[in-house]
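Each of the two complexes below includes chain A, the first together with chain B, the second together with chain C.
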Partner chain A sequence: MATALTISPTRMELIKLKRRVSLAQRGHDLLREKMDALVMEFFDVLKKVQGSRTRALERLFRAYRVLSECFATMGTIETVESARETKRELQLEISSRHVMGITVPVIEDPKVERNALARGYSLYTTSSLLDETSKEFEQALKLLVKHAELEASAFAIGKELEKTKRRVNALEYILIPKLQETIKFISMRLDEMERENFTRLKRIKAILEERR
Partner chain B sequence: MNYKVAVIGDLSTTTGMALAGVPYTYVHKKRDETLAKLKEFFGDKQIGLILLTYRIAEELEPDFSQFMRSKSMIPVVLKIPDKTGYAPKVDELSEMIRRTVGTEIAVKEGTG
Partner chain C sequence: MDRLIKLELSRLNVHLPEKRMTLREALSSSKPEVMTRNGGKHALNREELEFLAGLLPEKNWNELQLPILIAFEPKFGKSAARISGKAGAYVVSKILDKEEAEELLIYRPEVAILRKKLPTTTQYVFIG
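Up next, the complex of A and B:
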């Protein structure tokens, strides 16, 4: 049960409170609408996230497996050396998109895949497994980058959703009941005062009549 | 805007990503050093995506969560499993769904 605010029971306060309630109600309705829209957006993204996650991780594990093979046949040190020789110029095009006032990142499809010659390590001294590994990792990375975009959007929208939900609940379960309780208290008090006044006047009238 | 990618992970993760052309890689050794490196990556305006393994992210707590809270949209951070396939039991995203929606929900994959 919400407790009433401590406020002096005057007519002026009552008017002020009524105004506040209607404002809170309007804010609550607006936030509620925002929340519904966010939930829809959230589920839209979640639908995509799940699939992209499984696909990306599957690819990544495959890449790890080929890398282990490569470590085994070429030797760990040689593999790491070749990785150091590789051309590493991957660029991502990142822009942003607005969803209900939240900025979420948009990552363009990166050009990760290269042919063996463009990679930069010596083809003569390395095993073909290294080419295989690079190819697998390039493909895994491509999926991971796309997944990163989705996951970041999901987190951003989820965070905003949490905030909005908290606000809606605060208005619905705390502020509005409190204000309504106070309004009830003041109007009861005012009625009481009116009744007191009424009996007082009656009594005075009776006394005046007796004197006459 | 053009951005670069950075990876923090163990030797196999970084080697693989380097082979795929990722410009910045860092092999995790000590907690403090990795934390400093992460801070450096966060400060770098050129880096738009940071990949790091779940295992390291867990080791860097609670500082890592603090970074995540204070960062803006860019850089995007994605946690990936390492070679052993290690990932925490409770997925962060499904935890968030549970908090916001109130119940566990299974989202079916759609084309939408």
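Up next, the complex of A and C:
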């Protein structure tokens, strides 16, 4: 049970407290709406994250399988050397979108795939399996970039959700009950004072009448 | 504590755009984005813009303000949201397969569908 605040039981305080309760209630209602919307967004992103992770892992699995075949055909050292010859700088265009004040990254479709000539290794000394391996890894990278975007969104939304939930709970279970308890206490105290006054007046009246 | 609540309430709508842009402006822009009240940038997805353009007759492209606002107001009760603006309500009614109206009242599951289809071209607004 919430304990009442220590406050002097006056009518002015009662009015102030009623105003505070209505503000807290308004804040609570709006924050709860925000929390519900965040939950919806969070689960939506989570579903996308699961799908994107599965797709990325499947693609990576396929890429590593082709890489093993490439190692077996070309030899490990040759494959690694060819890989060292390639140069890559991936340019990502990152913008942002806002979900209820949370900045969520948006990565434009990265142009990861390129043709065998652009990769930089010698086509004369390497097997076609290396091309296939590169292609598979490029596709996996594309999926991983998309997955990173979704995971970053999920983290950001989850963090905000946690904060909002804490605030909603603080209002719902601590502040509002405490204020209502205090209002109840002041109302009771004021009623009590009114009754005391009434009795006192009656007593004074009786004494005055006795004296007459 | 009251100041904290007031601060929290004032922060609820900082993600809203300073100025919305019409569908025509967004489609003609090479990088469609709007500035938010907290100084950030909110990018609008081109695929969504093209999807909206397909739903709305071309003569009305100037009427559709983006992002479309999904307004939550406690007076409508929990989980009900309002879509204002004729063009916005028209597009949303098409997406949700609802009856057309000047102002549309939609509910939580419909909001989820709408947000799934238009994650960047819709925004939440909380009205106290």
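Basically, the second predicted complex is superposed on the first by the 209 of 212 C-alpha atoms of A that agree within 3 Å, B and C clash if a C-alpha of one lies under 4 Å from a C-alpha of the other, contacts with A are read in each partner's own complex, and residues count from 1 in each chain.
Everything that follows uses one rule, which is that a residue touches a chain if its C-beta (ideal position, glycine included) is under 8 Å from a C-beta of that chain, and two chains touch if they have at least 3 such contacts.
Computed from a prediction, not measured in an experiment: that's the story for all the values here.
Once the two complexes are overlaid on the shared chain, A:Ser68 sits against chain B while remaining clear of chain C. When both complexes are overlaid on chain A, the residue A:Leu129 reaches neither chain B nor chain C.
Look at A:Ser96: by the touch rule set out above, it reaches both chain B and chain C.
In the superposed model, A:Leu144 makes contact with chain B only, not with chain C.
Of the two partner chains, chain C is the only one that A:Arg20 touches; chain B does not reach it.
Contacts of A:Arg167 after superposition on the shared chain: chain C is touched, whereas chain B is not. By the touch criterion defined above, A:Glu33 lies against chain C but remains apart from chain B after alignment on the C-alpha atoms of chain A.
Counting the residues of chain A touched by each of chain B and chain C gives the higher count for B. Contacts of A:Asp44 after superposition: both chain B and chain C are touched.
Comparing the two interfaces of chain A, the one with chain B and the one with chain C have residues 44, 95-96, 103 in common.
Chain B makes touch with chain A in their complex at residues 1-5, 11-12, 14-23, 48-49, 51, 73-74, 76-78, 80-81, 83, 85, 92-93, 96-97, 99-101, 107-110, 112. Within the complex formed with chain B, the residues of chain A that make contact are 39, 42-44, 46-51, 57, 60-61, 63-64, 67-68, 71, 76, 79-80, 82-84, 86-96, 103-105, 107, 112, 114, 119, 130, 133-134, 137-138, 140-141, 144-145, 147-149, 151-152, 154-156, 158-159, 161-162, 165.
Those residues of chain A that touch chain C in the complex are listed here as 20, 23-24, 26-27, 29-34, 36-37, 40-41, 44, 95-103, 106, 167, 171, 175. Partner chain A is touched in their complex by these residues of chain C: 1-2, 5-6, 8-9, 11-12, 14-15, 31, 33, 36, 38, 40-43, 45, 72, 74, 78-79, 108, 111-112, 115-116, 119-120, 123-124, 126, 128.
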